[in-house]
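In what follows, structures are represented as structure tokens.
In what follows, chain A forms one complex with chain B and a second complex with chain C.
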Partner chain A sequence: MMELIISQVVNGLVWGLILALISIGLTLIYGQLEIVNVAHGALYTVGAVVSYYAFASMGGWVFSLIVSPVVLALLGLIIYLTTIRFALGKPPIVTVIITYGILFILEQTVFLTYGGVPRSIPNPIPYNIPFIGGDYPLYRVFCAVFSALVIFCLMGFLKWTRYGLWTRATKQDYETAMNMGIPVRRVYAFVFCLGSALAGLGGALAAPISSVTFTMGHSIIIDAFIVVIMAGFGSVIGTLVASLVIEVVIGVSAAFVNPVMAKVIGMALMVVVLFIRPEGLFGEE
Partner chain B sequence: MTTEGQTHSSRIGWLVVIGVAICLLVAPHVLDRYPRYILTEIIIWGLFALGFDIIFGKTGLLNFGMSSFFGLGAYGFVFAVKYVYPSVWLGILSGMAFAMVFSIVVGWIVTRFSSHYFVVFTIVISMILFLLAMNLRSITGADEGINIRLPNLQVIAWEFSLRSPITKYYLILGVAAVAFLVVWLFFDSPMGRAVVAIRENEARAQMIGYNTAHLKLVAYTLSGTVAGLAGAMYPLLNSTTSAELFFWILSGKAVLWTVVGGAGTLWGPFLGAAVLVSAEDALSSWLVDFYPILVGVLLIAIILLAPKGILGTLLEWVADRRASMEPGGKS
Partner chain C sequence: MGNQKTGTTRRQFIKTGLLGAGALSIGIGFPAIVRGKTDPIRIGGLMDMTGQLYAFGTWGHRSVEAAVKRLNAQGGIGGREVAYVMEDSATNVQTGLRKLRKLIEQDGCDFIVGPCNSGINTASAPIVEQFTTPSFAWGTALSITQDKGNRFVFRGINNIRHGMVALGKIMGSELGKRYYCLGADYEWGRSVINEFRRVMDPIGGKMVGEEYSPVGTEDFVPYLNKIKADDVDILVGGYFTGDILKLARQAYEKGLLKKMQIVGGAMPTGIAPKEFGPAGNAVWFTSYGPQRMVDVPDPLKPFNKVYRDAIGLDDEGKDAKTGEEGSPSYSWTPWEHVFWIKRGIEKSGWKSKDDVGKFIQALEGMKVEAGDGFPQGAKALRAQDHQVFTDQYVYKIQDNQYQLKGIVPAKDLDYPSEVDYTKQKV
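Our next item is the complex of A and B:
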């Protein structure tokens, strides 16, 4: 039993880091543009599908890890220029409905091109490492390390680079930032692309673990929203902590009850947290 | 605006209402079996979307989890008819009661949150319900659902067989009409107007002295109960229910119909459901593939270009025209 729990904790940490990658994209977009992006799960799906095609055509798995975020950043730019830019400053209701429309368009496009049949990518690192109570797939360890690396680079980027500074300044005070000569619109576009790229990268990482289907974004977007509101919209570090906590709780619960009930327990945890702290764990309001 | 203009426009309004009512009363005898079924379905979906309009269009809160109420209403009906006592009326009351109790409990929690938290919270709660319904197969039948045999409809001393689709149609139309009237009267009452004041300016409504948390809960409960009533109509029409009614796609449809028809108008949800359900049905098989894409484009276009929807834009246009025809109005 103890071994099972430990391996579930490790699984939870691995998924938690991948989920954090996706959720940070969501929370950055919200924190910057005040847009509740319901289509974020669809971006994750597109990321996985792109990595599938990249893998199938080029055969290179490392290649697919590069192509997915790049393609998704471009897609993000297109979405930003055609719709999101008109939604800026509108009430949250409007932004949700617009991104909901985007969700419809993206998901059906994937369905029409990629098809409804789940396909899988072969495990790119087919080795196991010895671990308490059996072996643990090396690829998952790689996912965890890689996600953590990306998240820390991202935090460093936001803290130390000029663009990061611009991003934080725009978030703090939009008008002053504009007066200081920061290209606010460009920052918005950049953040939306960055968020989309993170969703795409998450999809590419998850693709070999779970199979690639056009509905794979449904469950991840729910998890990402749980994490983001539990952390408090807009908080990057809070999102990281919350996704680790949620995934470990779900993972450990799955050792005792069936997986669906485990998910319900995760959601119930969020309800309890929000009931005690309506602004989220790390939220300021 | 002169009183003459007002009476004139309300006279046209009444003529439209009476015209639609006559059409709806005659329709089942004119239409074939299939279009009649679609029309019955449209009434149910319209009633469901009306529930959404109460919380979204009138109160200004985006509830993305309307499917919970619909599913609970459907299961409330089925459980009562199957396990308690075979009566249609009991089923309808039970469906409403299921949705009502749930909306009071959940509403008490969610109305504490500000708008974006509210949206996400309602999505998550409806997901919990969907997962539970799919998981508790022994109770809900999961995706296979539960089939029921409909009892006869009893009205005072008369008894009607619900095997006739025309009887079903009139029953569903009648229930929807009563529900619509109740909602209409509610928003004509001082309390209903106070609810609309929350949408217009919550801080001001609070300053005037309204207990906005309490009013939001009332609106949330009314919205949930109406959607639950629509849900109870579903097994009445189809003799079956399944856990898929809890899926969030259905919540999205309520948003779609209401936004397209005209949020906050109460008639709009019915119009939106009528237009989109019949459009979906009429599209050729080639177009069916592209239907969700069209829906997405339509949603974005309407919310950005004509956020008041079909009916709202139409009403605004009529009001503008009248204002411009009046001497002293804007030319």
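Our next item is the complex of A and C:
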């Protein structure tokens, strides 16, 4: 039993890091723009589809680690300029409705162009490592390490670069930031592009594990929202911690109960956290 | 004024009354008779055009559309044109039921065809009974034609019990004895597992574990971690399309498929075998029809050709225009459902919804021979549970191809019905 629990903890940490990458995009967008981006799962889907085409046309999946986030950042810019900037300052329900519309547009566009049939990308690192009497896919370890690197680079970026400083300043008090000469609107556009790029990168990383289909964002967006709510909207470090905790709890629970009940336990954990800390683990009161 | 008489005599009153009654009967009663002769017969297609079962719905829609076109080109049914109205269930039970009501109540459909989603099929049964509208189910969960069906529900395709029995017969000694079950947590996923157990129990099979996960699960590894490769011969996958693809690939990446094999409850419709990669070599599927033309028994080839040409499916089972993988093992069912309706109408003399009882009785126990309308082959519709019995196919992925491993004839797939709908009133 101990071996099983260790296996579940390790897999929970690995999947938690991938989920954190996607969820951080979501939390950055809400923390900065106060936009509840329901379309984030669709951006993740588009990222995976772009990854599939990058793999099919360039012959190597590794290119998609660059192509997907770049394409998604551009897509994010288009979405921001055409819709999101008009929703800034609107009540959350308005932003939900707008992004729900974007979700439909993106998903149906993928459906009409890519098709509805699931496709797969071959495992880019088709090796296993021996792990507690069994095998563990090396590619998943790569995903975890890569995700962790991106998250730490992002945290460094937010802490030590000028744009990072602007982003934090705008989040704290956008009026003061504007008075200090920070181009707030540009920061908003940048954050939305960054969030979209992270979703795209998550899609590219998950594509070889999962199957690429136009509905693949449905389940991940629910998980991402659970993570972000539990972490407290806007907290990067909180999102990382919440992702890891949620995935480890679900994984370990799955060792004892059925998978559906394991998900329920994950949800229950979120409810308990919100009951004790309504602002989330790392949220501000 | 108040005392003024209208001057209406009793004779005038009777005349006016008779004229009024006549006009009313023309307006209400006669048109039903006139409409019965001239209005089109309306078939409602409830198809999973979007969502998880998109590939089934798309090909199912094509099949019904092509079958209706063919019937109308041949003069319709009994000289009446056939109209086809389609609604998308979105592979969602709530949406499916809403659309079903629309097809019956607003569009006035006389018959319902589809969808493939077993959950929608079982939830639809009380509604089609309430509106006395015969429905032809396409899902393969056993319960559709057992405890969750009724006299208005027919199924022109084998069910998962047939599928698992056929798998057991063809796999033989390759089945092994120890099996682990993973299924989608809904009607069909559970039905796959139950029926596999029913096959394994009599031959001393040992179930090592049983779990159900939500449809659309991304990461199966937390569940695969529980499986020890040396303790299990067969991993039963009660999943369809993208989910069975993910399960097989992740099991392979976990190193579980060195000796273990996977059995799937349905052909992964719309998915090319190469998508499975090296995991495919360990995957078996039960199939409700032939995938490629080369797999079709010779006597059926001309009929299968007619059907494939009509819906734009090539000999390899791919879309003739796009080259994408089609749904040949499934999509003959909605095509044949249209021809079951034709047979029922012709035998019963059905004119309108008032004749639904005669229509149902006409179909109960009906046998059909292979033909253009029944390209999958001869079959019989059992009276008690409205379940078709026909040949079942078994496939395995080998060398990036769906390879036919055997066909089990309908006579070897019989089982006693646990219900008798013929005792229910129409």
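Operating definition for what follows: the second predicted complex is superposed on the first by the 285 of 285 C-alpha atoms of A that agree within 3 Å, B and C clash if a C-alpha of one lies under 4 Å from a C-alpha of the other, contacts with A are read in each partner's own complex, and residues count from 1 in each chain.
Simple rule for what comes next: a contact is a pair of C-beta atoms (placed from the backbone, for glycine too) under 8 Å apart; a residue touches a chain by one contact, two chains touch by 3 or more.
Since we're looking at a predicted model, the values are computed, not measured.
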Chain C versus chain B on the shared chain A, clash or fit after superposition: clash
Which superposed partner A:Y136 touches (first chain B, second chain C, both, neither): second
Partner chain in contact with A:G203 - chain B first, chain C second, else both or neither: neither
Touching partner for A:G115 - first (chain B), second (chain C), both, neither: second
Which of chain B and chain C A:L4 touches, first, second, both or neither: second
Partner chain(s) touched by A:A87 [first = chain B, second = chain C, both, neither]: first
Which superposed partner A:K263 touches (first chain B, second chain C, both, neither): both
First, second, both or neither for A:V36, with chain B first and chain C second: first
From 185-193, 221-229 or 239-247, the chain B stretch with C-alpha clashes against chain C: 239-247
Residues of chain A at both interfaces, chain B in one complex, chain C in the other: 258, 260, 263
Partner chain A, residues of chain B touching it in the complex: 56, 60, 62, 64, 109, 112-117, 119-121, 123-125, 127-128, 131-132, 134-135, 252, 255, 259, 289-290, 292-293, 295-300, 303-304, 307
Parts of chain A lying in touch with chain B, wherever the complex brings them together: 30, 36, 83, 86-87, 91-94, 96-98, 100-105, 107-109, 112, 222, 225-226, 228-229, 233, 258, 260-261, 263-264, 267-268, 270-271, 274-275, 278, 285
Touching residues on chain A, where the partner in the complex is chain C: 4, 7-8, 11-12, 15, 111, 115-120, 122-123, 126, 128, 133-137, 139-140, 206, 209-211, 213, 215-216, 218-220, 250-251, 254-255, 258-260, 262-263
Contact footprint of chain A on chain C as seen in their complex: 50-52, 54-55, 58, 185, 211-214, 216-219, 221-223, 225-226, 228-229, 241-242, 245-246, 249-250, 253-255, 270-271, 275-277, 324-325
